[in-house]
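Supplied in structure tokens, the structure appears directly below.
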């Protein structure tokens, strides 16, 4: 793996997270058919990076595309959406695919996404090479979104965060944890984190959802997540962080009362859905404490933010709800 | 098992299902604390019957109570709700319990119900004696209702119908099938039946849900289910029937376009929720072709309807959507 | 025409309209397939009466059936819905038909009803014999309900009242007038009567709609209409009366502030939709001043109310909004 | 004052409150213009009783009428609504009046009601004789309902319970307390009781509102109040009780988890608004421990229930939330 | 007619439609009283162009103004709204006027617009000179919007597309066709095109409406139309194209699955209603295959887009739903 | 007091109000913890100015902070929110504080704001020095917003404008006037101004609310207020003016049909809530006729607009509804 994308913190700020100065890194029209490319996931792959990208085409059909990059910033995204093969099931029907996450567990890359099967639920697939993808059973019944796997088994089982929802622009949403012995059957569902009372932390009072794959730290699993407030002009998405118990990640150790990054620059405030930052992936280099967070901006483009893991962890502890 | 409750079809009707003349069989105040007793389940037990009853108390808290009967009509319902012991999990928290179903599989009785865990989901418990109940992991993430087990394993796995919903008076709802190897982890979720277009069959156009445990017949699994229409004065619940493929019960072979029984007498039309018939259990005697359906009426009392299985099967085939 | 149905006013009341003591005159199960029979229209025909009846079948599909009666009270309703032939168009597609009205103009009987064509609109057909019906072009674009023809041409043109609506349980609704030279093209649309401010007359504050075909009197066109209030438990339908200008019936001369008949007996208060009286037809005998109003009760059955035309006219004048 | 209306508890029940066997005591058509008479208030007056009655006329305009009775059961209600004179203000405009309460304080009878002034708020008037009424300033800004005065000054000030609401069929509502030195200016607003979490006591989970004027007991102010649950077919109103601190009645000492009386007989279940019991007044005879509660039933008629004050107090203590 | 406005396709794009580099061509404050000028219509007139412009004034009252231009880009818009004279009716009342379209048929210019008559419906007027306008009968009953005439009679009758709606920010909407022999009475209503299933083409899944007057081509009537998607932050309007059968224009031959132009630049993304492109007129020069589309941007200004008719036709055929 | 902030009208406009060229004057991140600073109030204080600022922190908790300025443009805002001391009550609980106004009456500065006490209501406090603040009883029961005091007693009583609301993004709202003898008890509530019919003045058709403290002029009390229209993409806030009767300010003498300033530049159109201008304070210098209006822009920053009082008064008279 090459060095993760990085820029030092600008001199005029103490913010825990800061934006890449060349944002957005992926334009809405980066592939010929796209209306928008956002809410996408990347992982180290070979000597560079691979990713799964949400590309809405100009019919505004949602699908996921593979992509490759040497530096994590310049991306070659496949013009065609991923064509799935049968994994642990032949039932790989899908009305739409969006908001992918990717993680490597044991011997392969696992992709999860919001999969259209009589409404949104959590699709699962694996790949060894980002060329051939094997789709598995949907994790859950509809309606669900933001299915995010932990990057290793916990207590011998796969573990997934998700957010039960409805079949529209869901006005509620909490984060749950589920386990599976085999990526086919899921159970032991636990409520992990709920949307907050308005008075306590309004930016996350409508709904919350897991963002990038959790990162293992000394202090627990570091979960970057999005939170939503309902203004009189619609939803506004920001991002915060939580620390989950390492062995029992349904226990929240700390959780930021303040957001870490909210919509405040033009590519986050203007677009198909104004005022959205939506993190879906993070590259991190534990050795030198850096993290690069990939987030969709205004449901239109992909942007990058940077930070130091230790600072995020400390801030989360110090400013917890 | 004693003979199931039974009355012959009245002379003046050709209806496929007919009401018991002494309905309702269980009054709203049948136990000292109850506001209403309805949507309840019964099975043969010993030389009589046992059941699990939805009793809303006068605080209108919803809970399930065990009960026993010699003839299936006169019931002794426990004054106290069922106290669960830990089954395959220690997480047996429950904010409320309602709309139980019961079936015997292999060596024990399984109870499923709508279980309050951060919203409605499907609770599971087993008992050998209707005295001690062992609660297992919830089958699914919230939000779900009307979880109904098949009375035997299918392809070596437990099989459950359910209806994903939201956390209110859900204005939608289709029936899904899920499998489990062990009553702990569930997967292979399939859409079985959907609410119908208004023009085709309006009584079931808002939502549908499985009723009693399916009955195995030559023609397939006989599923009595409820359907809902939204009038300008609220929901109206009626019941119909479907035949599901024996080996692959996510395939609907036939499904009644007309309802079999709809609210039309005073205890169905007047009560805490007017215009509801909600079937939750059925006793049947395959030998002499009889079925006795237990249904909640007006969300207030329990009533009985009768029919011949062969006639229901034939009617379902002849009047299918 | 035989004498219209009639009963004298009960001794203990001064009400302007009073109910038939043998109500309901048509039961919900009067034909083998019906779930309910209500909101129906009748006219003198031969030496008796003919009618067009709304019969929802047990799939709760809405359709209209022809029927015949000698006395206007005992009705023979055809078991099969009316099969339309092409009238002034070949486009006679219909997803559903309900709430018919019937009137005789010049040489034939005209039927109007709420016709399902991509949502509710006003269907038109004519018949000479209530055996063969010729369907014409829909009068209007969707969404519309309660299309009611005047019983003769006005200023040389056909005239129809209707109530523009939406495609659900419309929470608004005013009465409009439209003209046609030929029963094919319609125009000169005028707003006639609107729902009232809550403070002035709450029973008709949500929406109103024309009922029976208007009756020509010295004082103007007598229009019986329904009005709706939205209670915390849904809609409640009552009926009132208005007098419209004879030559320019978009002018309201008088209109009852009070309802004339509201839901107050069991067959109006209990049924598929509680608390509905919905008038669709009236037989009148101008010679002896009598009127017999046919109304749907609780969206379930057909009932009759009686009154004296002169009293209704006088009351409308004396108690006008 | 004559003996309050009374019937002993029926032999077959242990209920804390029981219904009068001749209910309803006032029919919907008890005065010539009325559509319904319900939610009304009575007090001892002279050697009998006087009251203020909510009479909706047949235009369904809401108003309050004076009435008189010798025994509290047979009532003579004035055919004309109360005509107000100017009390402490000339601004006595009113779009509608409903749900009155009456109490005697110091030297006169005070009436409060829901008063239409650009939406519902709390109207206040006083009378010495139930013939001449003097209207005062509205207590609060819109939107408010269920304003109920304490029967004596507390800490030297008038005290009123009320329920802030919106301008429709408010889906929320808690009970607040406000003080006034002079019946003109109000302040020191305190939240007293809130609607309950669904899981704890569903019958009062949508909204609550004060009922009759509180009764002073050794154990505190006894408040009979109504609570509402939202079923899939609308609101259902039941009644419970609370004990408030004598000197600081914004403190709730006890409050019933269960309702004391819920809709369960036909005149409560059937009517203009099904499933409503709505208490607005209570006569009590502290000497012999009896209470007679007047409540509106189904928004259509007035009914009576009886109980022993000491039993209600004890039950409230023993079954408190 | 002078040459239509034109700019060649920018070199860096293959888009079928491209924006004018000097957009917007009409600013929101182009006349002294205006808050915004958008959704407007133009036609060749004399040796230049005339138009009818939607100008919302600073009271945000909606009205239509005449305007003139030599080149189709620089416009002189009348400061005063059009004052209508009586055309085929004296009923020319209008609460508001917006979203005009203009076309020349036979001997005069016809203007259609959304006309406020107890809610939105379709207003019609004609003019010979854009100085004097004669208002005719409204085409339809309320509620309707986006009435667009074909530029010549079809089968001897005037033909109009429209979109039945409700009286608010209608969340549904399909395109219908109606005929009139005389611009007074309308009938033969046919459903032409519906909003699409979300999965197939989400940009047009909430509602659609006809844009400019259809253009006759060899391949059929070319209809530019708008489509709307509901995001969590409101409606987003884009434009696409369809080809309708020449003789029976209720038949859709082809229809673009992808939009042709969606909000993507600042004057489309920012304004009184963000994310709106709303086409209302098109100048075309069939000889040299060019089309210039006038569209409202962000409900605030008027902008121009260009394309080649043959390319649009071909694209529509090749990328049809 | 130093000279109020001022810039002359730009040469290219005749607008009654014009923006400060260096807007916004306070950035969203002006204090370390802030997410946004907007809707704030200022008054002359000492030889400069003091203010109370709405600062939402990065948890999006709403609070008010004191601030000081020499010129009214450069502001030092306290990093910590105001800590209240007990004024005329010990009940100074507050879930949140926002949208403050400030005025000097007799001997002290009074602050009013939207105070969270079981929902939004009007909080009141006084200060002599903007260092120590004494919180008083809330003026009203919930739910209320936009409480604005007159700058002197009227008829010997304090007078406050307010806008009764609900507990969400209230879709309605009119301005009322209330009086208090003592800043503790309030009464004599009068409706002053209502939202307008859509046809008359759509920018203020959803709701209205008082802005800065009214300014006494020869022509009456000059009230700058905000008005809201509901577009398909949410609320849009603009500002207008009214003149209220000097002695009886519940009488509206004139009221602008057009808005005076609406969202039209980027800092008003882009931000946490796009398209908001929300005036909360005005400095004026009656001697030289100038006014400087402070308004929140896009719920994100504070901006300034200027005008001449005499022109505003004249315009209000000349362009009144």
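In this document, chain identifiers A, B, C, D, E and F correspond to the written order of the chains, with residue numbering beginning at 1 in each.
The definition used in the following text is that a residue touches a chain if its C-beta (ideal position, glycine included) is under 8 Å from a C-beta of that chain, and two chains touch if they have at least 3 such contacts.
This one's a predicted model, so the numbers in the text were calculated from it and none came from an experiment.
Enquirer: Which neighbours does chain A have in common with chain C?
Expert: Of all the chains present, those in contact with both chain A and chain C are B, E.
Enquirer: How would you label the chain B and chain D contact, same or different, if same means the shared numbers make up over half of all numbers there?
Expert: different
Enquirer: Where the centre means the average of the CA atoms, what chain is farthest from chain C?
Expert: Most distant chain from chain C: A.
Enquirer: For chain E, which other chain has the most distant CA centre?
Expert: Taking each chain's C-alpha mean as its centre, the farthest from chain E is D.
Enquirer: Per the centroid of Cα atoms for each chain, what is the distance between chain C and chain F, given in Å?
Expert: Roughly 55 Å separates the two chain centres.
Enquirer: Could you give the separation in Å between the centres of chain C and chain D, each centre being the mean of its C-alpha atoms?
Expert: For chain C versus chain D, the centre distance works out to 41 Å.
Enquirer: Can you work out the whole-Å distance between the CA centroids of chain D and chain E?
Expert: 58
Enquirer: Two-or-more-chain contact residues of chain B, please, as numbers and ranges.
Expert: Residues 233-234, 270, 274-275 of chain B each touch two or more of the other chains.
Enquirer: Can you identify all of the chain pairs that touch?
Expert: So, checking each combination of chains, I get A-B, A-E, A-F, B-C, B-D, C-D, C-E, D-F, E-F as the touching pairs.
Enquirer: Which residues of chain C touch chain E in the complex?
Expert: 89, 91, 117-119, 121, 137-144, 162, 164, 166-167, 172, 174, 176, 178-182, 184-191, 194
Enquirer: Which of the residues in chain D end up touching chain B in this complex?
Expert: Residues of chain D touching chain B: 14, 198-203, 229-234, 236, 257-259, 262-264, 266, 269-270, 274-275.
Enquirer: Considering the complex alone, what residue numbers of chain C touch chain B?
Expert: Residues of chain C touching chain B: 28, 32-33, 35, 56-62, 95-96, 116, 169, 233-235, 270-275, 299.
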